[in-house]
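Below is the structure I would like to discuss, written out as structure tokens.
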Amino acid sequence: MTHVNKLLGTLMSGALVLGALTLPAAANAMDPLVKPKVVFQVSESDPAKWNLALNNAKNVQKDLKGATIEIVAYGPGIGMLKADSEVANRVSDAVDSGVKVVACGNTMKGQKLTKEDMNPKIHYVQAGVVELMDRQMEGYSYIRP
Amino acid sequence: MTHVNKLLGTLMSGALVLGALTLPAAANAMDPLVKPKVVFQVSESDPAKWNLALNNAKNVQKDLKGATIEIVAYGPGIGMLKADSEVANRVSDAVDSGVKVVACGNTMKGQKLTKEDMNPKIHYVQAGVVELMDRQMEGYSYIRP
Amino acid sequence: MTHVNKLLGTLMSGALVLGALTLPAAANAMDPLVKPKVVFQVSESDPAKWNLALNNAKNVQKDLKGATIEIVAYGPGIGMLKADSEVANRVSDAVDSGVKVVACGNTMKGQKLTKEDMNPKIHYVQAGVVELMDRQMEGYSYIRP
């Protein structure tokens, strides 16, 4: 039985590893070790929506310490991330506080914007919509303010 | 071989339990035992959007008997849940029919609203946006009408 | 030990199969074999939003070859899929390029629309909102332009 017991032990620990690897997204809410992650979509030219997204990010920071927060702006929402945006200071503050803020490269090409036109603190992705898909596949919650 | 067979049996049933525990969200659609769950976000001050969210909830109730339905109102959407909201009766009916309706505490504080201002049938959460994240982490689908 | 080794091999391969079956949605982003899937919601009567959704779908096709793309129109968004919609040609092109486009049956009933009123290339579901829930449960990312 010694071999069998050892085998049982090996398999039990294997099962634990397997369990950890396959822990589904739906179980994360119950697991205090899983850091919450959220991606906010900004796709409107409305500054009230920009402020709402920034307020939302702040509330998440306040209520969920250590949460990973990303804001993706694309389409008409790209204006939020311009250097002369009326929320430029709030965007910079958000980045300084740990929020990742990214602009859609396709939108910038379409609107003939260059990095010189944009808030110097932001990041860039090729396609905002693909970023939003990738993040959801990685287990981020999606909020569209 | 008896011990080994017994061990095999034990491990097989263990694997089945493990499989059940780690069934991913993506497989739920195929599992008739998984009750569908959906959270609706209302974050606009537009009564047409409030009615659309309430219509959506009704359609889910009609087509997916037993589904868990929650409506979260925050930001400019909080007006939907005031006692004097033009959809107050419909909100009360939704609650009576089993829909959970929650208001964002951060928004209420910001707009200096108290529970006396609100529909008496609703629930409250500290942050609407965190509720929306939590529900998605728990496997709820997200709909933003 | 031969039996035990064989048993170990059987169980290890079983564990691999189990691991593959229970791979959670959150891990898909890292797995090149998992085809990305996305469902776009169109629920506004604004043609700018219809064009944005169609642009988004195009960008996904460009940047994520082989992605599964679906557009669900319901409520005030149903106009996008009418035969005389100002984006009717773009909708037809999207279908021809592999995008699945579906209209909400509940909305059509409510607006007294028949299939004769609609773009002949589209599909139909009983409830757009249930389609959006089902797709998310199947692991689709959700984008609401």
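Observations on the model:
For reference, chains read A, B and C in written order, and residue numbers begin at 1 within each chain.
The rule is simple: a contact is a pair of C-beta atoms (placed from the backbone, for glycine too) under 8 Å apart; a residue touches a chain by one contact, two chains touch by 3 or more.
What you see is a predicted model; the values in this text were computed from it and never measured.
If you draw each protein chain as a dot and join the dots that touch, every dot ends up joined to every other dot.
A rotation of 120 degrees, rounded to the nearest 5, superposes the Cα atoms of subunit A on subunit B. Note on chain placement: the centre of subunit B and the centre of subunit C lie 21 Å apart, centres being C-alpha means. With touch defined as above, residues shared between interfaces to two or more other chains in subunit A number as follows: 4, 7, 11, 15, 18, 22-25, 28, 142, 144.
Residue ranges on subunit B touching subunit C, taken from their complex, read 1, 4, 7-8, 11-12, 15, 18-19, 22-29, 34, 36, 38, 48, 52, 55-56, 59-60, 62-64, 67, 141-145.
Contacts from subunit A toward subunit C in the complex involve residues 3-4, 7, 10-11, 14-15, 18, 21-25, 28, 41, 43, 75-76, 106, 126-127, 129-130, 132-134, 136-139, 142, 144.
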